[in-house]
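In what follows, chain A forms one complex with chain B and a second complex with chain C.
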Partner chain A sequence: MTPNMSADEIKALVLEKLLQVAPDIEPAQLDTATPIRDQYDFDSMDFLHFAIALGQQCQLEIPEHDYRELQSVDGAVDYLVKHSNGNAAAK
Partner chain B sequence: MSEFRLPSLGADMDDATLREWFVKPGDTVKNGDIVAAVETNKGIIDIEIFEGGTIEQIMVQPDEKVPVGAVLALYRTEHESEVKRLTPEPATHPFNKERASQPERTPEPESTSAEAPLRKRISPAARKRARELGIDPDTLSGTGPDGAVTLDDVLAGAGPAAPVTKPATQPELSRAGMRQVIAAAMARSKREIPHYYLSTTIDMTPALDWLEARNTQRPLPERMVYAALLLKAVAMAVKKIPEMNGYFADGQVQLDTDVHIGVAISLRTGGLVVPALHNVTKKSLDQLMPDFFDLVDRARSGHLRASELQDGTITVTSLGEQGVETVFPIIYPPQIAIVGFGSLVDRVIPVAGKPAVRRVINASLAADHRVSDGHRGGLFLAEINRLLQEPESL
Partner chain C sequence: MAMREKSNARKLLMSRQIIRKNSEDWELIPNLLDYDAARDHFSWEHEMTLLDGLPAGGLNIAHEAVDRHAAGDRREHTALRWLDKSGEVTDFTYGDLSLLTNRFANVLRELGVQKGDRVFALCERIPSLYITALGTLKNGSVFCPLFSAFGPEPLRARLSIGEATVLVTSEALYRRKVAALRENLPQLRHVLLIREQAEGNLPADTQDFQQLLNHASEEFSIENTDPEDPALLHFTSGTTGKPKGALHVHEAVLAHHASARLALDLHPQDVFWCTADPGWVTGTSYGIIAPLVIGATMIVDQQEFDPERWYSILRDHKVSVWYTAPTAVRMMMKVGSELAKQYELPSLRFMASVGEPLNPEAVMWGEEAFGLPFHDNWWQTETGGIMIANFLSQPIRPGSMGRPLPGIEAAVVRLDKDGTLQVIDDPDQEGELALKRGWPSMFRTYLYEEERYQKCFHGEWYLTGDLARRDEDGYFWFVGRADDVIKSSGHLIGPFEVESTLMEHPAVAEAAVIGVPDPMAGEIVKGFVSLKPGFEAGEALQQEIMALARKRLGPAVAPRQIQIEPTLPRTRSGKIMRRLLKARELGLPEGDTSTLEGNE
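== the complex of A and B ==
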């Protein structure tokens, strides 16, 4: 991701990573404001995969105590917008 | 020439569809190499060979469905004797476990009764007894489910020869199929195993604090989940209370010295698979975590290994992620114990005589009363608790 990516582009990226981890998720039916695990069978291993993918994509070292901010898609987008400014693009 | 056969991946598996060969005639293989992938009700499973040699001939083509014990390929070992007939992994029987647990597996000759490529359905106990009695199970008529030969049938002696069923050619993997597999194993467990149940509450605060401090110093992919601590604690507790680790079959208990923990993993498509994490006591936490991660991934994406479906000596199930506080687990036969963990919850408990808010987890045990008594089970849970209070010792 690049520093000047829009929130929509970041959201698309978050959804892409999420679907890679949990292909059974229906993006159209996902409530992006609600924790993913409240809507789908999304366990701690899935979450770890998701966090690793986001961290790698955005070249971001996500500390463990920030995990709670990544529980929903909107939360993850906000977190990435907030923390990735200035980070070089991974891709 | 030696025969590479389709191994049994549990008492509940009868056949599999060959999906892919990773070797071709002329290729050399070594002990532990994955040579083929098959599709079963448990998903795509990678089959290993446990002897080195050269592949001579492929006997089963992709998309062919074959029964357990069918010869998949012929190979020549380095020290091949023309008359010797070897099987890479004899159909799983609990009492084969001491061999299965050795790092270097060496196949051993199988009796002729197991050589028919189209095996009749027969329980492991019945097969063993038939071999001991010198009876060919194919000559018996089975009274078990789907005509399976049961121990009683063997004991009743030889009956009229039953026609051997032809393997079907169409592959199938369905939710219903996995449901049947689970149903058969759990019905057998509830029918045969006199369970006793114990539970205790474990203060996880020290373990979680220790884990957090450890994870802070590591990049995300190297961080550990607390479930890895639970697995290690269970495995180490077995060292003290060995009656929880092994098998009960054919009226006998066989304890195992190695600890291969079957990890209950739910699948996205529904259903459950319980692959084994090998040699948990021998692995440091740093080794255990990537192995655990990899196992969960492969359980969900396919390509579990045959040995992982065969080798579990005790099972751990964790339903905490769904908010369940206490699990009342059912033993996975022919194992003799299963440990269940609920979710981490905050509770006010006394610490040094004063009320304190702590993160606690409920640990439950279901164990086979034919093998152990509640007193030993209680000591087992107490030992798990003790170990988790000293996470640095794990």
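== the complex of A and C ==
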């Protein structure tokens, strides 16, 4: 992830990580403003794996108490936009 | 074998680490003060005198849990404090709960649901679930909880094996997971839906739970159940075959009551929070029944795990006794003790954990974060209640499951080659953990699988399938499973159930499922598959197989990792060797491979 990535690019990245953890999610059906676990069976372990994958991809230390901000796709995008200043892409 | 020896040496070292207790720290006099005396003086006959019994001489869990308190001076005491997802509180007194469960019992009676018929619930943690459980017991029917994050396949298997007559579920869960299964469940006569909005059409062949409840009478006289009448059905998993329905009887309430008093030190004035979901046995025995039988207040939180929310609940609702699980403890540890320390928890006086062995670091972390250690205890679906525990008044051996409860005889045993059972009295010897049969919450059968049930017993001993050792002071230490069952986040997962689903993918030729160590969940499920000719291994296919498994099984059961292999190792007789896959995964010696075929 780079500081000049657009919100759309960040969203694509969030969805990619989400689908790695829970490939049963259909992005077209997903309401990005609503918590993921209100729409799909997405348990605490899934959530943890999702948060870790996002942190790794963005080379960002996401403290656990910020995890609640990652509950929806939009929330995760906002969080990454807010915290990504100066972080280079992992790949 | 060097690894095993090293691990044993470490365990022995840890067994010398002891957390001692100081009576000045106790706010209440513990129900179990002197371990040996409590064991000496214990009898199940005396335990029965602490309960009521039914007027006509029977025994019914719901009477002990609700009506006897509602008829006495605890009528206005809060029985259930429910927190919805937003944290808003709804309180139910024992009196409220008695009337609501009477209503549901009347609903069942009016639908023609008989004593012994099975009533299943598939719900989030909402009040209707608790009303359903207790109302079902009042009607003399058998309550069977289903985990709401199960996918359609585990649901179909359990509803079908358990021959569900009634299913109580939410409209959303029904539409997503059950509606498509209906034609294959001919026994299922009544589906009662909990609806978020009363408007709109109900799905075909369903009824509105709330409407039925509203129209039912508040007067009900409990079915005169016998202590040996079936009450609860809990599904669990073995290495092979279908899920097993462990059946428990009303007499189990003696063990719920005794273990809540002795192992959890529950008193009537306590505010108790069991974080387990009632979809699993802990969430029913200790998340519904035991705290109510004691007459305490129980907290139910609809929301899933979130450390800050959990600490707020402990503080705001003055939780005094807290029963949680290792995965949650380890997740809280990951967040760190600083957050926990920001919450003043003067009411909290006892913390316990169950599900899988709690590592010593986690036991100690409790002291750092909350000023109290976690007390690990051990039991399983089949035992119906806590069997072995670290007690409030007794020293803790971090990493040990503790010592047997009063009324429970536990031993380490070994079966000789000729099939005779040997009780191992020498300390620190590994063997299978066994319990002397006859405690009240012992399962009475695996539904329609009496042979499988009988296989669990050897003479007077119930064989638990867990390997353990006992130290010289009588503390038991978990060593491992005797079979291939996977334990993830405290839940048993049968590899066969998962493998069968993986095989449903058109590309999969063979499948094997094992548990691999995970720092949070203990183990996570990993699936190995080989492909049919014409299919190309790759990430896309891997994800596709995983997606199918998650849709069918749900996240608690489906593999979290899939690995595609050219072939899977088999014995000459054709059996896939899960143990070899596991040894490879862990980098352990693979042992004798002379009976192997392929993949060498």
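One rule holds for everything that comes next: the second predicted complex is superposed on the first by the 91 of 91 C-alpha atoms of A that agree within 3 Å, B and C clash if a C-alpha of one lies under 4 Å from a C-alpha of the other, contacts with A are read in each partner's own complex, and residues count from 1 in each chain.
Here is the rule we go by: a residue touches a chain if its C-beta (ideal position, glycine included) is under 8 Å from a C-beta of that chain, and two chains touch if they have at least 3 such contacts.
Note that the coordinates shown come from a computational prediction; the quantities given were computed from them, not determined experimentally.
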Exercise. Tell me which partner A:Asp41 touches in the superposition: chain B (first), chain C (second), both or neither.
Key: both
Practice problem: Go through the superposed model and pick first if A:Gly55 touches only chain B, second if only chain C, both, or neither. | Solution: first
Practice problem: Return first, second, both or neither, reflecting whether A:Pro23 touches chain B, chain C, both chains, or no partner chain. | Solution: both
Quiz item: Between chain B (first) and chain C (second), which does A:Ile10 come into contact with in this model arrangement: first, second, both, or neither?
Solution: neither
Quiz item: Is A:Arg68 contacted by the first partner chain B, the second partner chain C, both or neither?
Solution: second
Exercise. State whether A:Val77 touches chain B only (first), chain C only (second), both chains, or neither.
Key: neither
Self-check item: Contacts on chain A seen with chain B and repeated with chain C across the two complexes
Solution: 22-24, 37, 41, 43-45, 48, 64
Quiz item: Can you name the residues of chain A that touch chain C in the complex?
Solution: 19-20, 22-24, 37, 41-46, 48-49, 64-65, 67-68
Quiz item: Residues of chain B touching chain A in their complex?
Solution: 212, 215-216, 219-221, 223, 225, 227, 266, 268-269, 293, 296-297, 321
Quiz prompt | List of chain C residues in touch with chain A within their complex | solution = 149, 151, 304-308, 327, 331, 334-336, 339, 489, 520-521, 524, 543-544, 546-548, 550-551, 554-556, 560
Exercise. Could you pull out which chain A residues touch chain B in their complex?
Key: 22-24, 37, 41, 43-45, 48, 51-52, 55, 61-64
